[in-house]
Amino acid sequence: PRIQPNYTKSRHGEIELQWPAGSRPRNIMFVKKPGVQVTRDALVEFAEHITTTYPETNIILEPTVAASLHHRLSKPVYTLPPPNQHSSPFPFTQSPDARTPYHFATDEPTSPPISPASPDPTQPFFARNLYQTYADAVITLGGDGTILYAASLFSTTTSVPPFLTFAMGTLGFLGTHKYSTYESAFRSLYTAATASSAPLQVLPRHRLSAVSSSGHQLNAMNELTLHRGQTPHLAHIDIEVNGHLLTEAVADGIIISTPTGSTAYSLSSGGCILHPSVGSLLLTPICPRSLSFRPLVLPRDVEILVRLSRRSRGNGVEVSVDGRTWGTMAVGEEVRVRLEGGGGHALGTGEIENSGIGMLGIPCVKREGGEDAWVGGLNRLLKFNYAFGEEME
Amino acid sequence: PRIQPNYTKSRHGEIELQWPAGSRPRNIMFVKKPGVQVTRDALVEFAEHITTTYPETNIILEPTVAASLHHRLSKPVYTLPPPNQHSSPFPFTQSPDARTPYHFATDEPTSPPISPASPDPTQPFFARNLYQTYADAVITLGGDGTILYAASLFSTTTSVPPFLTFAMGTLGFLGTHKYSTYESAFRSLYTAATASSAPLQVLPRHRLSAVSSSGHQLNAMNELTLHRGQTPHLAHIDIEVNGHLLTEAVADGIIISTPTGSTAYSLSSGGCILHPSVGSLLLTPICPRSLSFRPLVLPRDVEILVRLSRRSRGNGVEVSVDGRTWGTMAVGEEVRVRLEGGGGHALGTGEIENSGIGMLGIPCVKREGGEDAWVGGLNRLLKFNYAFGEEME
Amino acid sequence: PRIQPNYTKSRHGEIELQWPAGSRPRNIMFVKKPGVQVTRDALVEFAEHITTTYPETNIILEPTVAASLHHRLSKPVYTLPPPNQHSSPFPFTQSPDARTPYHFATDEPTSPPISPASPDPTQPFFARNLYQTYADAVITLGGDGTILYAASLFSTTTSVPPFLTFAMGTLGFLGTHKYSTYESAFRSLYTAATASSAPLQVLPRHRLSAVSSSGHQLNAMNELTLHRGQTPHLAHIDIEVNGHLLTEAVADGIIISTPTGSTAYSLSSGGCILHPSVGSLLLTPICPRSLSFRPLVLPRDVEILVRLSRRSRGNGVEVSVDGRTWGTMAVGEEVRVRLEGGGGHALGTGEIENSGIGMLGIPCVKREGGEDAWVGGLNRLLKFNYAFGEEME
Amino acid sequence: PRIQPNYTKSRHGEIELQWPAGSRPRNIMFVKKPGVQVTRDALVEFAEHITTTYPETNIILEPTVAASLHHRLSKPVYTLPPPNQHSSPFPFTQSPDARTPYHFATDEPTSPPISPASPDPTQPFFARNLYQTYADAVITLGGDGTILYAASLFSTTTSVPPFLTFAMGTLGFLGTHKYSTYESAFRSLYTAATASSAPLQVLPRHRLSAVSSSGHQLNAMNELTLHRGQTPHLAHIDIEVNGHLLTEAVADGIIISTPTGSTAYSLSSGGCILHPSVGSLLLTPICPRSLSFRPLVLPRDVEILVRLSRRSRGNGVEVSVDGRTWGTMAVGEEVRVRLEGGGGHALGTGEIENSGIGMLGIPCVKREGGEDAWVGGLNRLLKFNYAFGEEME
């Protein structure tokens, strides 16, 4: 049901997005930073602009956002039924508005973007699947945390719709567009097609794919982290690469990071910085009991296995993905990590990727005509290579 | 004239070498660690074994090695005429032997591996071209320095013959085979063909390709280094990535390293470790006047430009390649660095590479049935992640 | 009631211990690594040796150790009443032995080393005070953890008896004596006096002194750590030095370490190594969100104040001392840290210290005639500056 | 002949300067950054102010400075005879002025600040001694380089006059006073005495003292550095601490740094930051061939010996002091380094130091009422702990 764009590699090495002939994105999902008035207002303004200018598009919101904003929008929005108070991660206060009724999916009997027959729509996993099935594009309004959160809604699919990310007020490292350009930025995405003069370039943010020994699978944008958490004792973690023991880490924990995540937790732990289009995984220890555990960059086709060593004391290590707890790993359990799509070969020039095999990670729309946002981010946000002194008196 | 192997990528991601149908390597070049008796004796033993067992093969040596060892070999060897005393980097003492005359190239009128008509054979560049034209395989006897030296003989070609590297006495990080296995190791290389049961796996050691503003070009196995040398003042180096200024380094110098070189100078300067099959360049500062110049890993298709900044004092910085001085860079001069073959796409499964476009760097024959030599090297040689204490009393 | 040694600084800068004229240590406290047979046996052997050879000495044990070992000792031992099952940190199984009754303090009415009138002997703080009041010397049998544990029993006094530390089986970084030398090592301590030919050198392990805003105070041998614990969000910690804001750390946490602790957690977090007799505090961040938070070494007379910043989200940070949880610090609370005795001046040559003002930290008896145990530990246990490679084949 | 101030340690740990009863500084030496108009003008203005306001004072300049500025000053200045063209490190152009004759020392027959009978005044060592003999205070106008240069003029004495350092235009890390405050800053220094309401606080910048095996001795403000220089091969340097081998460094070089120098070259090499009043030496390797050579902080009373190891290839290492070449160290030669005055004990509260035994290093006048200049410098100049991102759009 969702409209898959094609992705082609240009001669200059850029990945370009275009909608299939005759198609346009129809269901636009918004994710916003919670609890801030500025993103609330921006969402309303932006959504109104879209539904007015491109009448055939629909807006998808998360239940709580829909509940709090639908009455400010002139067109019904699509969402999931509100989760139960209990299963909801955020307190949910429904404030129905008489004038603009709160539109559940059931309001749209023909070709609903979100099926009414959902068996148990309060299940977060189920919810994710719905977004994954219908959202043709995702717009984020907020900082890096908002992008990571939006990414988490697509963490169980291998085919992620294009992300158009707007920084609101403060600039994060992952956000690219200024909110003030929202009209032209959306138009570029909406009209991206072969004929269009300016091809729409995307940065495929590689994800890593983690499978636990219990069979759960998740894709991460930043990293998978194992940490002793509040256990006072050092974690002992065996690390295998392609089936061979690499080393036993005795440490606070370890990070297996994507190139995107190399500027997140891994950087704080002493990791080096990978350009996001490097096709590698980065292994960084957190406070290791060794002077010689240097961060490692591993090639695209390796499989890393992490396992709590039998020498570990304590109650297991905490496993988290992109800053969210995934669970606790006990002795004997393990997680296998690969670069998503890493087994295949990298996309060659002119090759077209629309099979959704996950080689594009999260396709993030680049800022038009902008310099390399990464270099800018390094310098402005990370204060990369800030020279010493010589300040004027 | 030289026999180019084909290289195929297996389903398991391995690069496999095979000689073209009906062909076998014919001219085997030896490079040995100088000044050590053990490599001298090994070379004689090994060369005798080859010329006896595979009578159609020839041995190529460097002039000084030929001069000192030809009389111990039963078959004439091929070499270049001895360089002039003055142009020679090593003192050269010719000790002709009556019994086994010293065979210059001119001794072999039919199909000489090394042409007698060479205009000025004392030119080092010319010499390199001759090795590049005739050597079908290169055998090194020594440590990492010997391999780097052998690589330097092929630094101006994009098509390097396979390297079979033997550690002698001490283990280096780049050497793979134990000398005691020389007979079977050579046989595997010699007979590598489709039909052979065990395909010959090689590790393509990516090189970087550097072009100076004066038009000189060189490929490096480890790294290109800019260093203040003996100038007491800090170097100021502008670094551009794909035409955009990345940063100005104020430092002792900078290193642009291949994945192979990530365990060499870059490691000493605080760089992270890249698996040699990662297709990236690594940028590491040497003693920067900044707390926040973290090493960077850049993708395969970037071009890095380094230029002495106008703010530099002093007489330029020293540029060296793989530990050998390349020259001094003055204000206004620049060097451009790419991953060799980085513009193209990575080799896909089943694709065959025999065009010599330089995507294989230095194809190094892997040890048969061996575990990942890289993991072994990390642990044994770099003492990677050596755990603290708890030594027995 | 306890016998305070005098400490003098020799011309060579060594701190030398001697008992006051006519005095000898009378109450010897043993602390051993729990759960290991070898330390159990060693304690019995060592204690028997002492009580036999120096009949006027008494042995002090912790209640659980006393309970499990008193029947193997020929002379009654002194201890505290067993703590309540509930307040005890370790499961306590009393196994009274008919033959050698279990001697509580009450068995020794005259000049009891441990007062029978203790109001509530199950209070750990009270217990510590008793050890602090009577133990003339402390002998540890175990690794670094055992020494840290023994030190924690004296964490609320400024005057710590001399420690004689024995490594058992494995060598730790802090332990000094080999168990096999226990007889001579104890004799040197016992007989240390002006007249003795070989003066007894001690290493004064400086402690840090921490005071919480709630008024609790504790001395640490290794470090005070603030850590986000299991909170997924970064901690924001304001750090003041002598009343001036130094910086706000946004990080997993921070470590304020003694020189002794510089080889513990701080080292894993990237700190440098301080010789234990440097009179400084070391401030090391744990995974800071900054590229430029380099560890700091602060002079002996500073006061460092750490406070949860108002910008912190989450439920406070965990505060721990020498690897033991001290509590959780909420927004508004703070801890002040000084080098113990740091306000005074360093001991000058020939000056005598017996006032117990805490300038000697934990006086650890050095190994006789040994080389600097610290250099040995660096090299053998921390694998300091392990050279690369060049391993023999 | 020079007037030695007394230094007392206050109860708050501050070192306070006061001139002996009835004395005032008489000979004021100026050192300025060369080649910059702004420091030239400042020197003239400042010197005129001093000689006008405090008529009994004399000005001492270096020969080249005297030559170029004496005609702009209304009172004769004292200097050395101009060095020979050949021995001079800077080109020297004498421009005598008829109106205000260029005053060599010979112009001042009675109580000359600089003796006319100097045997060979072109000797730099001799020159230094003269400054050391007569300058009662040193004023620097320029950045860190100027202060280091001024310090080098006193590198062979153990008793350095107080330094009053002014930043000109740009702020360095070591400079303290703003030029605009020059009048009050000098007055505070001039009038510093017991009776003065505001005692004059100085920061004693500890120096290290280096003695070569050839008998030369030098004190350094920042560091002693051993570096391979332009030798391509790694230096092998044996390091002994108090006569025991600590380790063999295989590296580009090593740095032995004072606390002051911890923010200079050592910082670039990965060293930690020591507060300048920490009484320790810091040992930092430069690009070591080891993953586990962590910087070391050594106590005040150690002696470090560095020696070129017999395993070194090449022509020795370059030894430099505070960024100036001291010489080349060959195999067999060695340098011994101590903290200047480190053998003695630290100054106790109320103790008076006027014996010139070198425990005060370079006494640098602190800015009045200023916050800790060190904290300010860390934050403003070193960008210590610059937080990431979250820049406003």
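Every chain is named by a letter (A, B, C and D) in the order it is written, and numbering of its residues begins at 1.
The rule we apply is simple: a contact is a pair of C-beta atoms (placed from the backbone, for glycine too) under 8 Å apart; a residue touches a chain by one contact, two chains touch by 3 or more.
This is a predicted model, so every value here is computed, not measured.
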item: Chain whose average C-alpha position is farthest from chain A's own; value: D
item: Result of counting contacting C-beta pairs for A-C and A-D, higher pair; value: A-D
item: Interchain centroid distance [CA atoms averaged], chain A/chain C, Å; value: 47
item: Chain centre separation in whole Å, for chain B relative to chain A (CA means); value: 41
item: Where chain A and chain D are represented by their mean Cα positions, the distance between them in whole Å; value: 54
item: Numbers and ranges of chain D residues touching at least 2 other chains; value: 267, 288-294, 382-384, 386, 388
item: Footprint of chain C on chain A - complex, ascending; value: 229-230, 232, 251-252, 265, 267-270, 286-292, 318, 320, 323-325, 382-384, 386
item: Touching residues (chain side chain D, partner chain A) in the complex; value: 143, 167-173, 178-179, 290-294, 377, 380-383, 386, 388-393
item: Complex contacts: residues of chain A adjacent to chain B; value: 9, 13, 241-242, 244, 246-250, 259, 262, 267, 271-275, 277-280, 282, 285, 288-302, 343-349, 371-372, 375, 378-379, 382-388
